[in-house]
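Following are the structures in question.
Both complexes shown next keep chain A, but they swap its partner, so chain B is in the first and chain C is in the second.
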Partner chain A sequence: MSKIKFATVWLAGCSGCHMSFLDLDEWLIELAEYVEVVYSPVGSDLKEYPEGVDVCLVEGGVANEDNLELIHLIRKRTKTLVSFGDCAVTANVPAMRNMLGGSEPVLRRGYLELADETPQLPYAPGIVPELLDRVLPVHEVVPVDIYMPGCPPDAHRIKATIEPLLKGEKPKMEGRDMIKFG
Partner chain B sequence: MAKTVIIDPVTRIEGHAKISIYLDDRGEVDDARFHVVEYRGFEKFCEGRPFTEMAGITARICGICPVSHLLASAKTGDKILAVKIPPAGEKLRRLMNLGQITQSHALSFFHLSSPDFLLGWDSDPAKRNVFGLIASDPELARAGIRLRQFGQTVIELLGARKIHAAWAVPGGVRTPLSEEGRTWIRDRLPESRQTLNLALNLFKDLLNRFQTEVEQFGQFRSLFMGLVGKNGEWEHYGGQIRFTDSDAKIVADSLNEDDYQDYLGEAVEPWSYLKFPYYKPLGYPDGIYRVGPLARVNICSHFGTPEADRELQEFRQRAGGVATSSFYYHYARLLEILAALERIEQLIDDPDLTSNRTRATGGINQLEGIGVSEAPRGTLFHHYQVDENGLIKKVNLIIATGQNNLAMNKTITQIAKHYIQGTEITEGMLNRVEAGIRAFDPCLSCSTHATGQMPLQVELIGADGKVLNQVWRN
Partner chain C sequence: MSVRTLTIDGQPVAIAEGATILEAAKEAGIHIPTLCFLEGVSAVAACRMCLVEVEGISKLLPACVTQVAEEMVVHTNTPKLQEYRRMTVELLFAEGNHVCSICVANGNCELQDAAIKVGMDHTRFPYRFPNRSVDVSHPQFGIDHNRCILCTRCVRVCDEIEGAHVWDVAQRGTAAYIVSGLNQPWGEVDACTSCGKCVDACPTGAIFRKGTTTAEKQRDRAKLEFLVNAREKHEWTR
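Our next item is the complex of A and B:
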């Protein structure tokens, strides 16, 4: 049996969903038999998101130019895109800044008001991506195939979502165990 | 012709980052910069929230060390309530922090960094990761996974979940440890100790071969900062701030967190979302200091537990006194896991852990509070101002990783200068530059209170500022 091409990415989140993925613990050893991890901030050194990915877990909302570019690329190159955790599903905590209207208030506080030396807004085109005005959930930017809420979803939920996907089946995202926020 | 190499994204670190390496006309490395490319703005959008929510919100700064924010936030809340928390509350908070140090350091060592040591800096980047480790040494991988699981489960047994447990609160903690929890922890300790010994012996063996890495991965003089206990012993929750220099001289001692603005400043550079804290009396950037495992091990007089103290002696012998190489962060991390396990062992039979008096209550008695705690990656400060109703008026957070920003930049510049020669830049060279960052185990989600992604890109930039070559390792 050929292995499933598997990827994980993080956009605007806290990496908690990825940590919960690592909480699969020894099941990761089993998982390694079924998947080839082709892109993952915690599980691969490959720098470019490849073509032909079967399953990708996307953590985090879309908050800056880099996130935006990456999520479009992911969508183009991925069969099943899973919105992984509350930040991906609703934009969650990172979206708290949306209420302030634009990215400027948060930038001003962080880099002008709370700086002692050389206060200035970070600006390095091509290197430091600009923040979007609003942090968006993934499905507002590209179509999503499966929603896995939770902050983070615990390891059981992650396993119950991934396991069917390994067999090419769609997981049943139903009931409190599978679709509770928080 | 001068050029820049960009590594994008930096992988096997926690958060989104890139590295630029600037080459001069002769093709020699002139400078290297570590760019953190995420920012979420917690300090602003927390305004108006009740201070009691801050633990829950700030835990979402980081999924790797949410406990650190939980504790720093709860300690800040203690000050706003102006209460003394019950002894059980403090012991339980300490226990959770020890669980966290164990899980976080195990993650850094086994999952993220050991593929470099064990599979090789120049090995196939498609396999140089935890899954590659599983394939090449499944038993070691399993042991490492189970050590992290031990730490995570200590957290879960206390807070009912592994990540983002809403458990520590202003005044104490919500619930004690159960008897079953106590038994589980006690039973799993021997295996955890065994795994740690395995890792420690393995790493010491590697150190004998890694002399160049020790010399080149960020070997320089700097200050070190962290908390120490009353007798100068290693501390992770209470105590006071100490600064030492590279000759082991105490530069400042018994500093109180309430005065942090007197000794810590923050600078901004346009090329990174990560700010640059510095030791104020020395100014910017001369006030470079390091925090985290290496700093804590350097500044303390002793650990206060027998095995860790024995290992500390050997550590200091190998390092020749103060460990000034950033490569020793890995070694220091293992010592800290050992100390954490020993402390859990000492604590686990304490009757207070199952006591129901875990929390003091009070109203808003102070309009300002500053809390400090040692996160796995270094000293963490939370600073809140509230109104009479306890709604947040202002927040400042000084995060562990940020304080290593100057040192991380210095480390990668040193590595790049040593390993990158000529225009033929190999993937393995770039991986070593990234490994310089990995040694610090930075948590960029935290340090920019940002949006977590941690790819790394290397760009080769010419003297004329033109991007000559982008290296994407694939």
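Our next item is the complex of A and C:
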């Protein structure tokens, strides 16, 4: 049996979902027998999101131009896209800036009003990605196949979600074990 | 007192005239999900979780305020109802700012329970991200309007059980929110006896005890029922 091309991606999140993924401990060794990690901030050092990915876990909301570009690329090149954690599913903590009325007031607060020295807004096109006015959950930007809420989803739930995917089956996201926000 | 006979999910039920479909279903052991309904205070049909289908009526009716009628045929769990209930919960999540991961009621929240029950793993409706405030002027309690689903349980409990009538609903539509006094900070409302009944009544983390951190909110819902029983049936012990 050929290995499944597996990716994990980190958009606007705290990396807590990836930490929870690492909590799978020894099961990761078992997982490695089934998957080839083709892109992941914790599992490979590849910079370019490849073609023909079977399963991709996306952590985080879509908050800046880079996130936006990457999520469209991921959707184009991935068979099964999993919204991984509350930030991907609901926009969660990163979206708390949405209540403050766009990126402008947040940047002003962070870089001008609270600056000790040389207050200035970050501006480096092509290097520092521009913030979007609103942080969006992944499915408001591209279609999502599976939702795995939780902040973060615990290791058991991550395992219960990806195990069926390795066999080409869809996990049942039902009941308190599989649906938990926060 | 005359009795009405009706059918709920194919099961024959007999109940006193004037009873609601929710009461009749309970009598028959059929569970209808609710959110704004609270045992012991008046029903207001604010949340629409308890919608049912009644044969011969094209509208969906809220079971908590619809009275039974002779030979009524009620369905409580059709695919159509399941779909509408899920949408109702999705709308409640999309309408406010429910950041569960930082909520005092996380894991002990009736809105989360409802989401799990209707199988909601995400909401199809775009989030509104309204700009809402938090009032922590009361020495013991706080209200975070971000998490309020406008069920008005606090309003009814404070008025009908405590008799203080601290809370009301101000404005309309998307601008509606819960006010204390005549829109004063809660801490300045003399009528509040600091009894804490609104904390026990609130289904989400909107009204909480100060000093409660993430996932720590506990309620004593049975206390409210006990007080109502004590008053109405003179049962003074729990």
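Convention: the second predicted complex is superposed on the first by the 182 of 182 C-alpha atoms of A that agree within 3 Å, B and C clash if a C-alpha of one lies under 4 Å from a C-alpha of the other, contacts with A are read in each partner's own complex, and residues count from 1 in each chain.
The rule is simple: a contact is a pair of C-beta atoms (placed from the backbone, for glycine too) under 8 Å apart; a residue touches a chain by one contact, two chains touch by 3 or more.
Keep in mind it's a predicted model, so treat the numbers as computed, not measured.
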{"item": "Partner chain in contact with A:175 - chain B first, chain C second, else both or neither", "value": "second"}
{"item": "Per-residue contact with chain A, leading partner among chain C and chain B", "value": "B"}
{"item": "Which of chain B and chain C A:147 touches, first, second, both or neither", "value": "second"}
{"item": "Touched partner set for A:96, first chain B, second chain C, both or neither", "value": "both"}
{"item": "Touched partner set for A:67, first chain B, second chain C, both or neither", "value": "first"}
{"item": "First, second, both or neither for A:131, with chain B first and chain C second", "value": "first"}
{"item": "Touching partner for A:139 - first (chain B), second (chain C), both, neither", "value": "second"}
{"item": "First (chain B), second (chain C), both or neither touched by A:165", "value": "neither"}
{"item": "First, second, both or neither for A:4, with chain B first and chain C second", "value": "neither"}
{"item": "Set of chain A residues, in rising order, touched by both chain B and chain C", "value": "92-93, 96, 99-100, 151"}
{"item": "Chain A-facing residues of chain B, complex", "value": "6-9, 11-16, 18, 20, 35, 37-41, 43-46, 57, 60-64, 66, 107, 111-112, 125-126, 128-131, 134-135, 138, 141-142, 145-146, 148-149, 152, 161-164, 265-273, 275-276, 278, 280, 284, 396, 431, 443, 445, 449-457, 459, 467, 471-474"}
{"item": "Interface residues, chain A side, partner chain C - complex", "value": "83, 86, 89-93, 95-96, 98-101, 134, 137, 139-140, 144, 147-149, 151, 173-176, 178-182"}
{"item": "Complex interface listing, chain A residues touching chain B", "value": "9-20, 22-23, 25-26, 28-29, 32, 37-38, 40-48, 50, 59-61, 63-64, 66-67, 92-94, 96-97, 99-100, 103, 105-111, 114-124, 126-129, 131, 135, 151-152, 154-155"}
{"item": "Chain C residues within the chain A interface of the complex", "value": "93, 97-103, 106-107, 112, 115-116, 119-123, 126-127, 129-132, 146, 214-215"}
